[in-house]
Every structure is written in structure tokens, then in C-alpha cells.
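Down below is the structure, laid out as C-alpha cells.
Naming follows writing order (A, B, C, D and E), and every chain is counted from residue 1.
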Amino acid sequence: MAILVSKKVTKRFGGLEALSKIDLEVREQSIHSIIGPNGAGKTTFFNCVTGFYTPEEGEILFNGRNITGLSPDRVTHLGISRTYQNIRLFKNMTAVENILVGMHPHLKAGLIGSVIRPSWVVKEEREALEEAKHLLRFVGLQGRGDMLAKNLPYGEQRRLEIARALASRPKLLLLDEPTAGMNPSETQDMINFIRRLRDELGITILLIEHQMRVVMNISELITVLDFGQKIAEGTPLEIQRNERVIEAYLGRGAASGLGQVHASPAAR
Amino acid sequence: GPRPEPYQCTDPIGCVKVAPGEPIHIAYALVVAGPDETLGIDSRNGIEVAIAMKGKLLGHDIKLTGEDEGCSAEGGQAAGTKLSADPTIVAVIGTSCSSAARVAMPLFSQAGFVVVSPSNTAPDLTEPGNPNNHPGYLRTSHNDKVQGAAAAKFAWETLGVKKAATIHDGSLYAQKLQEVFAEEFKKLGGTITSQEAVDPNATDFKSVLTSIAAGSPDFIYYPIFVKAGSLITRQAKEVPGLEKVYLMGADGMFSPDVPEGAGDAVVGLFLSSPDLAAFAAEYNSVFLPKYKELFGTDPISIFHAHAYDAAMMIFAAIEKVAVVQPDGTVYIPRQALRDAMYATKNFKGLTGNLSCTPTGDCADPKIAVYEFKTTSYPPERIWP
Amino acid sequence: MPILEVDNIHSYYGHIHALKGISISVKKGEIVTLIGANGAGKTTTLRTISGLMKPRHGHVRLEGEDLAPYKPHEIVYKGVAMVPEGRRIFTRLTVMENLEMGAYTRTSKPEIEQDLDRVFALFPRLKERRRQIAGTLSGGEQQMLAIGRALMARPRILLMDEPSMGLAPVLVEAIFDTIQQINKEGTTILLVEQNALMAFSIAHRGYVLQTGEIVLQDNAENLKKNPMVQKAYLGME
Amino acid sequence: MLRMWRQRVTLTDLVIWGLGILILVGVVWGSIQTLRLGKYTLAIWYDLIITGLALGGVYALIALGYTLVYGILRMINFAHSEIFMSGAFTATFAADALYQAGWWNSYPVLSLLIVLLVAATVSATIAFSVERIAYRPLRYAPRLVPLITAIGTSFFLQYTFRGLYGSGQKGYPDMDIFQGAIVFGDVRILKTQLVAIVGAVIMMVILFSIVQYTKIGKAMRSVSEDKETAALMGIDVDRIISTTFLLGGISAGVAGILFLILFPVAHFFMGFVPGLKAFTSAVLGGIGNVPGAFLGGVLLGLLESVGPSLFLDGLGIPAPYQLKDAIAFTILVFILIFRPTGILGERMAQTKL
Amino acid sequence: MQISAPSFSWKEAVRVGVLGGAIAILISLVGMVAAFGERYIVYGWFSMGQVLFLAPILFMVSLTLRREKASTSSKTVLHSLLAGAVGGVMLAVLVLLGQVINLRAVLVNASPRLYGMLTFNQGLPAGPFVLIAVTALLGAVAGAYHLLPPRWQRTLSQAVIWLILTGLMRDLIMNIVVRWRLVGELFKTVLFASSGLQPIGAIVLLLLIGGLVYWRSGQPAGRGFSLKNQPPTIRWASIAGIVLIFLTLPQILGVYFSEILDNVMMYILMGLGLNIVVGFAGLLDLGYVAFFAIGAYTMGVLTSPELRAEPLTYWQALPFALVISFISGLILGLPVLKLRGDYLAIVTLGFGEIVRLLVLSDWLRPWLGGTQGIQLIAQPRIGSMVLNTQEELYYLFLLGVGIILFIAIRLKDSRLGRAWMALREDEDVAMAMGINHVVVKLLAFATGAVFSGLAGTIFAAKLTSVYPHSMNFLVSINVLALLILGGMGSIPGAFVGALVLIGAPELLREFAEFRYLVYGALLVTMMVTRPEGLWPEERRRLELHEAEEELKGAEPVPAS
């Protein structure tokens, strides 16, 4: 069953058509990747889904519900969460606080509740803190919780961002180049981590990536965009062999190099 | 020698004892900082001139301290609280603004001070029975009622104008004056074409004048202060339709800074003010040079002479009631001092012939109108 | 004499001791690569070389001259340019203006024109978008611009901080080709890379950083074969 | 399409639009009433407009200084109004000396140049020193900290000048060549007003060209965005910032002179109100944007001059000019509701995600 | 690499002297020296005026000396002597110049009185030389001081600073002690003269403080007293002690200090409110005075018999005032929702001005009093007692601060508080975290507005009158400045900031018209030296230490 459906989504910036008539279906509990050359419109697509941009045409359905043009906070409430290509943490808040902010949608205390702090609020806060610590451990940041986000090293910031996204208990998680700036060994960890997200938490994952070892390793389905158009869709093997994709995106060398990676013992 | 009888103070609200070598302590509560400061600093300068001219009082130095009252109620309260905690103070000169006086006066009164304001003009402060009228309060400035009415009379009778417009600047002083003017002028049979208000710190008044011009008045009354007053005087001449209109201000603009700021446009400007006829000579020959010597400038605002008179009145009253011991110790009974102040009659001040009413209005009730015939200060007295 | 010599430098962020005695030397005409995990201190090393941070101890020397008294912009005039981590292009300037800023230290118009052509030849995409406000470029386009901008300074030594980050595979190849080409034209390069395999394939020598210290240094071939490197940085087990 | 619109539009949007419409209706209704009353003749409207334009020109000039500094440091240089004051105040002394010497009207152009030089030098020097002492040490501090030092500096400068020159006001002598008016039919424009408007336009064009087309200007924009990276391009960040302050100071000096030509008195507090207005203009036009500052200034001047008569008079509100700032700010809110980054502000609020 | 400190050369000495002299000239010409000529520190000996022109020279010399590394002692003294002399020469030149041309035509304070002050009233031929001699001597003293061991340095400097402060604060100190008869008499006869200190008192004080400091600095450095490390009994006792002190403060300090305290607390109230808007939510509000005005005017309109036939009491009107403040917070909040940063700043500033102009306007005069303000505003009653003195009103402020403090602390560490901070850090992302920025922002504005409105109501009751002039831009600026000075987002910072920015200037009332000058200079100096604020915000530790143990075993590159 498709959790996310986009129908003929078109987004323009002035004269530029960043997305034109994109049709896409993300199956529930799958790992679905979007790849494509730089500037193909991948991030723009994410922005359309999460409500930062309103597409000029087409509609986006989440769990059958039309979410086109909803404001970002409402989209999040429905169960979509994301990370950003350029890390965007709350820099001057600690790691734990970042995660607690992520939990905002399913906490209830309001102005009065926060001030009076009845027992249910105390309980809620305590549980939230527990969950935050759990998430920290899940992403391997135990002990870093009280550090300001801006003081964490790059890789840890990436993981914290994911933890924050997970805190809202999403059904669909959008990851925008989660392994950018990671070395191959760290990348391998991230691959395993993403798998765990899906396998252990049952979260559907929509992924933008440029590292082919990630994409080819974990995706069930890959969509390729170029100049705002969908140029191909299929399983990793199909995509690797697709001439058009090789031409526009993979390049001859990388395509051949891919086999090498596959052959490496790291790949499963 | 025989030991002098120690003085027994019998005054109902106490005495101030000034031991030999100690100064007699006078305080000011004026606005000396912030945007309105010229008003208060000028008054304080007036007091300092008075002290310099007086030299010693009953063989003692005169010490002047003071507080900024900020031309606001809260400033009045702060200054009032601070000063009233000091029992050595005999008298206070202040406040600059009526809003400060209303809050500070109960405190001063409670402390037993004599308070003389050089520039409060709000009628309620000296109105018998008004909750804002407190014992010990006097002023050398004009009650707005007197001056506003005089201006109306002058405009109607002497200039023969039928239509007038007014401008105030949001100060208690100007707002009240123009209100009184407008009422009186209407009573006399005139028409008020518009009553405008401006921001005293603004610089462009052309638009408001243009809009006033649309009502084609013959006379514009703007009893405001120097800064805005001089600019309005100047800009009125540049507005089509107002070239021939009579312009008039009040004592708030009686300052050399007005011709400085207004330039040639000042010629023809009328100002109402206390009748200086008898005393202008002394003002020019003695007061102004001393002021310039002490402070390096001409007076920067308008109530220096009122403050000077206030100080001199206080000194005279102290001299009248103080009990001087042979060793030089001076006792000043507070209530007696108040009584003496209220009893002031025909005091020859710079601002006229001062006589105080029982509620403290001491200004010379005679209002004169002056006109700038040239750009030189002071203007000529033309009425009555 | 090495063109660039980093001699036992210690750098701090407040109390955080980020570099604990790093020594690197780069000879003229070399490509030297710096690899290491996230947070190892690679970026910090480059920032210290370019003068954005001053080491608390140790020296950075360019052709024997100590760079300590110089401010970052003066170091640029001495021929050191940098492609900073995370692009850092001027988002409100146009693509063209960004490139002009790259050539800020240069005065000869024709030379600048020539380099502009070279950059456009390298990245035709940038030529298409000359007039676009750089902030609206896609991530990859921005990376191209950052490299192009650094090239515009025609540096003697180019510091590159993860130039392949976020680029499509075709482009990664192209970028590495470009790096080699620039190098052949005489620019010395100090390259920080996560894509260690690619880096080793073009570099002459390499250093491995771990938590602020250099743990290995060797020529690229040997590093590639080193089991520790293979395990930790090449993702092989 | 309609449904999409409905989803995007929230209750708050409706309320905000409602507010906007309310303001609009008030403005239109007031204007209609005023025009129907016919109290003002066409000539009077022209007069109001010209007055507004001249005033706006001065605002615009001061606003340029705000915008330049904002453009580079992303900070509101609250002390700019005092830099303006310092130039103008000093100029009155130079002008007075020239007047006493008899040069003022016999060599007007030369005198004007001298006065301009004095004013610009003083205000540029002060602007420069202010940056060195009060802002540079805080370059990497949180954004609001330099705002506070700016306020502190502002007090300091105001009261230093008060102390030096006294708190009275100082007249600026009229110059014969600027006396009188030029008349085209119903439209009558004073020469002083013309000078202010033209001066402002020239200054705006000069500054715009510097920022947009010169190497220094581009460096300024780069520094504004990312000082570190700018340094990596070989740009001397400190020097560029100092240069910007110098430019801002010079424009403040020129503004001071034009201000004095229009309103020939100076005192230590003279910077405050025009400063606030200019700052508003800069924001109205889109802060950081040079033509925006100009446009904002002119618009604000017009609003202040024409607004009260046009919008309020017809509604029978007494003393409408007392509310001119209230009108100006209300319209400002109205404009910002629909253009949240000012009239010509960058539409880049959409940062890349 | 160490950049060697520039050693104190001849050239440097001249430079320092020139700089010090320039500052001294500025202070002189601004009028401070002459104005404080009669404000004695030690009666008949030296006055504040002299301190004001000598201190900058001394300060510059010792500042440079402190940075200097190695130099021989005689050279140091000689160089500082030169620096001092150069400063003196500059002042002397001013004096001489003043004799030749009439500087006063431009610089109003270049008066004969100033010249007299600068030359210690020694007349013309001798005066300038005396001046130079004095500054040179002072310079040399500064040099010699630098050569003293640190313990003696501290003793000397502290003794002198306290001497000057005590002399300057004579009136304030007397203000407190007069109420204790004996101490008052003692102070008045032995320590103080009619202005400043008695010479004998000064010597006693110098020795006393010097001795104390010398003795203290010999003690081993005591560790800072921290409540957290104490056993519970001591902790509670200290807290009780602090509460007790707060409760008895007006009794101890008397009416004038109560007035100051009242003002400080009023600003704390506003500071805590604005801290929510600016500090927590990051919404720069420059028109905060608007809500203060709304609170005060609502109180005025409802309780003044001038405007209502049946006026309410303070307590009856209070809820209305708070609700109206809250609503006006929402009203301001709505149109500015989309605005960011400085656009927000200007609109809020405009809002403040609009409110002020409206209450001032002739248009609304029948309802709001216009220029004449509103008088006869009710003061709060408790039973039959009317709170009307500054001391009594202090308790009302204390109560208000207490409640607001509680709310502010609770909010800070709550879901809402975190949402505000997230909004402050990155609005787009905060929205993407499911935070409804509309609701959250409006709540920030409205909560801040209520706090400010409350301050306004007490203000109105305290003065029993309100005037439009009290509602100016300066109030907003003051509140913002105290927040940033205290430390943005920090609750204790608001207290410290208010104390420093509102309390201290009240004590500096002596400076009267120079108050703003000093205020401005201090504001710049403090922010430049401590940009993070006097008491910066601390992030709460949530994960605590348990986890740090785990970390020790963890790999530097933790794999999941």
C-alpha cells in the first residue's frame, strides 16, 4: 500500500520548472530513494511534501489524505518528519533539548499546564525525557545529551538531526543526503542505521543520496530525477543498467566502480 | 562671656539649624537631563546667578544641590523622595513641569519645605481646595489662565482679528494656554479655525501649517517652547496663505534662541509675557552679563528670570524670619518661612512686581505683549 | 624546502583542544590528502593554515615564512586559497559576482577573463546560470561554484575541504579530474576528503588524522593498502 | 486550486487580511470624506506633497546610512542619528564663521563646499571611531549586543555634544542663493526643498552605484554575508567595514547639511526624531537595500505630510497632525503585512532548506 | 608562538600621555570637571572634579603598564612620569589656548572656572606648571605602583577606590545612617564634612580599608560559597535569611532607597516579561512600553474619579488591566507574525509610538486625559490599609515579582519554553517540528504583555497619576538594555541587569545632567568587556552525569 503518493506535482521558480509533473508512490515500510544530478529537484520535492513550498500543480496524498499546501507543522502532526541537506539543528540548545522539541507534537502541556505543572504534566515531561535519552542511545549519542548542538562534530550532528526527526514518531521519514560528509566506514554505519529504522521501528523511508553504495545497498525502489523530470524508476539493478541514468547521473566510471563496491565484503 | 540662651524652636513644623561654617541649603528639582533639559538647566542657571549675586546669606554660604525631575511624574516622585529625606534643605526651587509637581509636592510639603516653582503653570496647583494644592507651594510663573486670556484680548481688541488657529506641543503648559486662549477668544466673538498639536521634537511643521492655512485664519497662537516655536515662526512665512497672518507665542518663547532659530522670519512675531517694563533695564545690564559670564552662553530657555526671582524671594524671606544667634548659628523656622513667603508683597523681581496670593501665585498679573520689530533680542513692548 | 609546512600546531575552540600537535608538510606540485573520521580535526587544520584560526602553539610556514603575523586575507595574497567546507558561497550575490570575488586579489583583467573561461569550461552549468542569485542554486551547483571561486584566485596552493560532498557521481569524477588537472598546471593541493578511495587515487601522499592527532602518514599507495585504513576509512572489513 | 488555497489559508491569515482591509477601508473612507469636504484646494495638496517630498529626501539620506551599515553588519546602527547630529551641529559653527567673515553670500559655492567638508569629515570620523570602539570588539557577539552598545554610544554622543556646545540651539545662516521659490502653475517649490530632494537623489545614485558596481561594493556585500569566507577571498574585512562606516558617515554629514538648509537650527537632540524616522524608512523600503531606503524615506515623508490631512481631517478628528506618526506607523504595518521584507526588500526570506 | 607585548618605550609613553590627555580634555570640555569642582571627596583637599581630569591620565598610564612585560624599575617610573607629564601638557595647552582665544564662543564649558580648576587655582604663570607637575607626579606614582608587590597594589587601589566612593556617596550614606542616631552623629561629625569626607575621616578610612584589604589578601583564597554544596539545614536557613532580608529591606534602607528599589522591581517585572518575548522566543520588541502604558492607562481609566462616576478599586480593576494587556499582546502579535528580525523591531517600535500618540492625542482626550494625563488613580488597599508609601508599595512589587518569577521559571523549562527557543533558533525548522508558530508566538507576545501590563498598573497606583510622557521609547530601550546587559534569556540576568541599569543610575543622580553621558559610556564599556552579559543564561543539564560514565567506554566514532 502506498503511504505517500504524488500526482503530477509541478513546482516553478520564476521561469525555472524545478519539478514537472512528478508522479511518485512510496510503499509503506519500504526504503525508497530519489537520486538525480545536482539541481534535479530532489530537495524541492521534499520541500513540497513537507509544506515548505506549495506546488503550483498536482497533489500530494499521505495515507490517502491530501496534504498539498498544508503548513509544515500540520504535515508533521500527520506523521512526516525530515532532515536537511545542510544540517539545521537548534544550535544553541542542547542535544536533549533538540530532541524534546521534536516531541512537541505529542506532548500536551500548554501555557497554563506549564505554569501550574499538575501531575500529568510532570509525568509527561519525565517520560519525554526518558524517551529522549532512549533516542540518544539509539543514535549512539549517549553522554552527549547536554552538549550544545553547535559543539557536536559533524557526524554526530547528522545523527542528532535524525534523532530529532524520529522524536515526532513519524510514519514517513525523509532523509536528505544523510551521509554527506561521511567516510565510507561511517557511511556503512549509516546504512545499517537506516535499515534498523525501518526494520525495528517500522518507519517508511524516503531518501535522497548521492553515494551509490548507500542507494544501491538499501533501496527497494529508486526514482531518478533530472531537470525536474522523472527519467527512470526501478530496482537498484535496473537503475544501474539504465543507459539514460548512466548518462545523466552515474557516469561510466562510477557505474563500473559500483560493481566493485558490491563485491566488497561490506555489502550484504 | 555670658552663654547665649539656646534657641528654642517653637515652630509647628520645625526649624532648620545652620551651624557656623555650614551653608544654608537650597535645593532644586528641575528637569536637567533628557530632551526637556534646556528648560530646567536654564532655570538652574538663573538660581546660580542669584546665588552668585547674593554672595552670603546671613553670613553663611548658600549651597545648591538638586535633582533631575525628568519633566515627568515618576521623575517628580524620585526627586521628591530623595530631597525630602534631607532635613537640611530649607527651600526647593522647582519643579519645571506641573506633572512632576503634582507628585513631588505632597512629599515636599510633608517635609516642611518652601517650594517655589519658576515654570509650573497648571491652574490646579494653586487652586484653593484642589487636591493638588499643597501648603508651602508657590510659583513665580504665570497661571495659564491669566496669560491665555490676555493673549485673546490682545488679538481681538488690538489686532482686530476674527479668526484664529492654535497649536500646542503636547505639554501641559501649551495645551492649557491654548485652551484658555481659544475659550476666551470664542467668548469675545472670534472663530477658532483649528486647534492643532505638534511634536516638540519634530522639525517639519510646514504640513501642519499648510493644513492650518486651509482654514485661512488671521492669527496663529502657539504658546510653545523655543525649539519648535522658532521653526514654526520661520516655516509659517514659507507657507502660501500664511505670509500675512499674525503670529503669536507666549513666555515659553521669550528667549534669544528664537531669533537665532527663526532668522528674519521673527520680525513681526508677538510674544506675551509678564510686564518687564520696570525691570528690563536691570535684566539687561546686570543679569544677562552675569549669566553669560557664568555659563558662557545666553540664556538657553525662558524661565531663568523666574527662577532668579524665586531664589531672591526665598533669600529675602529667610532674612526676614531667621533667628541669628551671636555665634553665627542660624535657625530658620519653617512655618514662619512659609508665612513670610505667602506674605510677599511688591517684591521687585526681574519678572515684575511680585505679590503672592494665599495659595501661592506670585507672578505679576500684568501681562504685556512684545513684538520683534527687528531680529534683535529682546522684543519691544507694545501692549498695553 | 616544502612549500607548506605545518609544524606541531595546537588549536582550540574555547576549551576544546581540537588539534593536538599536527605536523604536515606539502611539497611544491604535490597533491596531499588528509583523511580522518568526523570530528578528527581536518577542517580545523585547514582553517589554521588559512589563518582563520591562530594556533596556540606551533607554526605554519609558507616557503619557510612564518604565517603567524598575517591575517587570513593577507595569506590569500600570498597564494593560499581555500574551498571551504559546506560551500559557503555568497548566496545573495550572483554566480558571476561570486566568481569575481574569487579573483579579488587579482588585478589583471585579461588573466581574470582567461580563468573565467577555464572555470566555465570546467563547469558549463555555472555558465548557464551566470546571472542567477547563487543562493537559489542546488547543492551541487553551489559546490561547483565554490571550487570555481577558489580557482579564480589562481592560488599557488589550494586547500580543499571535502570538494566532492553532495555531488552526483558523474560530477565527483569530473571534480577529481579537475583537481588533477589543476595540479598538473602547477597548483599544489592539500585535499581533505571523505571519499578516501578517490582521494588516494589522485594524491601523492596522505595523512590520517584521529582526534586531533596524526596517526599515519605515507604515500597514497601504501595507505590504500594499510589494513587499519582499509577498515576504518575505506569501509572494508 | 480553490481547495489548495483553502488549505493554505489559515484563520490567522484571514484575521491579518481583515486587519489590512480595515486599514485600507479607513484610509479610503477618510480620504473620500476629506475630499468631499473640499477644505483643501489643489494648490494646498501640491504644497503638502512638495513638503513631504523634501522631508522624505532628508529621511532618505539618513536612511542610507542605516541601510549601508545594516547591509554589512546586519545590525541597526542606532548611533547613526547622532552621527548625523554631530555633522550638522559642527557645520553650524563653520557656517557661522564663514558668515561672520562675509564669505557666506559672496562665495556661496565655496562656503557650501567648506561646510560640507567639515560636516562630512566630522561625521565620518565619528562613524569610524564608533565602529572601532563600540562595534568591532563585538563582531562575533550575539546580534543584540552591538545594538545595545549602539544605544549606549548614541547617549554618549548626544550628551558629549551637549556638554561641548551647550544645550541651546544654534542657528544656521540662510544662504541667499537658496532663497525664494520656483513656481510652475499651481505648484510652488522652495529652492531649499529642491536642493534637499535633488541632493538626496544624487547621494542615493552615488551610493547605489558604489554598492552595486564597484569592487568595494561587491566586497561589502560579500562581507555582509559571510565575513570568514570573504576573508578567504583576500578581502580585508576590517577595512571594508570601516569603509562602509566612513561612507555612512559621509552620507550622514551631507544629510546634516541638507537638513540645515531646510530646517536651519541645530541642537544636540536633533538627531533623535529624524533618526527614528530614517530607520523606519530604511525598514519600510527593505533594510539593506539602497534604493529601498530612498523610496522608504520619500514615502514616509509624504505620509507624514499628506496623511493627516487626507486620512483624518475628513473624519473630524481634532489635531490630526498630532497623529501623523501614528498614521505613518499604521501604514508601515499595512505594507509589511503584505510585503514582510519591505517594499524592495530581498524576497530571499525563503532560505534554502 | 607568542606575540611579544610592546614594551613601554618613550614613544609609547608619549602616545599614552596624549590619549589620556585627550580623554581628560574631553571630560573637562563636556563640563564635568567644573560642575564637580565643589563636590569634595576630601573636604578642602580634593574634589570630584579633580578626580575626573586626573583619573583618565592615571588610568591610561596604568593600563599600559599592566600590559607591559619586562622593564627596569627606574625606566618604568621615568616613562610613566613622562606619560603623565604629556597628559598634563595637553591640559596646560588647553588652559593657555583659552587665554589667547575665546574658546567659549564654541565650547561653552571652556570657562575661567574650568581653567581655575585645572590649574589648582594657582593663577597664570604658575598654574600650568603646577598642573604638569601634578600629572607627572601622578604618572610616576602609577609607575611606582606597578612595581609594588601585588598584595600592596591591591591594598592601595582598593583603599583609594573606596575612599572616592565613600566621599562621593556621602549624601546617600548619610541618608541611611541618620536614622540611627548615634552612628549618624558619629558619621556626620567625624567622617563626613558638609561635602565629602573630613580629612581626618579620610585618613582613618584609608587606613581601615587598606588594613582590611591587606589582611584579607593574606588569607588563603576562600572557595566560593555555593548554596548547592551546603547541607540542607544551612541551605534552608540561607534561603530563609535571604527572604527575610528582602522582606525587611525597606525598613532598613528607608524611603529613598525604597523608591529606588520600587523602580528596580518595576523594571524587573518588565524585564522578565520582555525576556520571554526577546530572550526566549527571539522576537525583538522595541515597543514594549506599549503594554506598560496599556496596563497603566487601564488602571487609570477604571479607577480615577476624574473619568468615571463610579471608580473601581485597584484590585477590581487589576484583572481588567491584565486581560486588556493580554489581548493587546495578541493584537500586536497578529500582524507581525510573518515578520522577522529587524522588521519586527520597527513595527513593534511603531506600535509603542502609536499607543503613546493615542494617549497623548486631543482626539481621545475625553476618555484618556490627553496631555493632562489621568490623576487620582486608586492605590491598592489591604483591609483598611492603603498602600501608598514607597515602603508599602515595595511589598506589592515584591509580590508581583515573586509571582512573575515563578511563572517565568516554570515556562522556561516547559514544552512551551522549548518551543519558543526553537522558534528563536530556526523558525522554519521549528515549524517543521510540528510547532504551530502562530499560537506559540502569540502566546509569547501576550504573556510578555501581561507582565508589562502588571508593572504598568503598579506604576499607575504608585504615582496615582499617569501621563503620556512617561510612556516613551526610552522605557522600551531601558528594558531591552537591562536584559542584554544581564544576559539574554537569563532570568537572574534580568535581576542583575535591572539592578545595574536602573538602580545604579539612581545612585548616580549626583551626576544629574551627566547621567546619560555616564550611562552611555558605561553601557558601551560593560557590553564590550562582557558581551555575554553579567549573568549569562545557563542551559539546564537534562541528561546529567549518569551518561558520562558510559561515554568513557565509548569509541570516539560510535557506531550504532
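As a convention for this text, a contact is a pair of C-beta atoms (placed from the backbone, for glycine too) under 8 Å apart; a residue touches a chain by one contact, two chains touch by 3 or more.
Computed from a prediction, not measured in an experiment: that's the story for all the values here.
Participant: Can you tell me which chain lies farthest from chain A, using the average of the Cα atoms as each chain's centre?
Facilitator: Centroid comparison gives B as the farthest chain from chain A.
Participant: If we define chain centres by averaging CA atoms, which chain lands farthest from chain C? Would you check?
Facilitator: Checked the centroid distances; the maximum from chain C is B.
Participant: So the centre of each chain is just the mean of its C-alpha atoms; given that, what is the distance between chain B and chain D in Å?
Facilitator: Roughly 37 Å separates the two chain centres.
Participant: Just curious, how far off is chain E from chain B if you go by their C-alpha centres, in Å?
Facilitator: 34
Participant: If you average the CA atoms of chain C and of chain E, how far apart do the two points sit, in angstrom?
Facilitator: That pair's centroid distance is 48 Å.
Participant: Would you give the residues of chain A that are in contact with at least 2 other chains, written as numbers and ranges?
Facilitator: Expected reply: 43, 52, 71, 84-86, 88, 155, 185-186.
Participant: For chain B, jot down the residues that touch at least 2 other chains.
Facilitator: Touching at least two other chains: 37, 41, 170, 195, 197, 295-297.
Participant: What residues in chain C touch two or more of the other chains?
Facilitator: 37-39, 136, 232
Participant: Under the definition above, what is the set of chain B residues touching chain E in their complex?
Facilitator: 22-23, 32-34, 37, 41, 63, 65-68, 71-74, 77-78, 81-82, 85-87, 99, 102-103, 131-132, 168, 170-172, 175-176, 195, 197, 294-297
Participant: Provide the residue numbers of chain B that touch chain D in the complex, in ascending order.
Facilitator: 35, 37-38, 41, 170, 194-199, 201-204, 206-208, 210-211, 213-215, 226-227, 230-231, 234, 238-241, 257, 260-261, 263-264, 295-298, 300-301
Participant: Considering the complex alone, what residue numbers of chain C touch chain D?
Facilitator: Touch list, chain C to chain D: 50-52, 71-74, 76-77, 81-82, 84, 88-93, 97, 100-102, 104-105, 133, 135-136, 149, 153.
Participant: Sort out for me which residues of chain A touch chain E in the complex.
Facilitator: 50-52, 71-73, 75-77, 81-82, 84, 88, 90-97, 100-102, 104-105, 107-111, 113-117, 121, 125, 129, 132-133, 136, 138-146, 148, 155, 159, 164, 168, 185-186, 189, 192-193, 196
Participant: Write out the stretch or stretches of chain D touching chain B in their complex.
Facilitator: It comes out as residues 39-41, 43-44, 47-48, 51-52, 55, 162, 166-171, 173-174, 188, 190, 259, 262-265, 267, 269-270, 272-274, 304-306, 308-309, 313, 318-322, 324-325.
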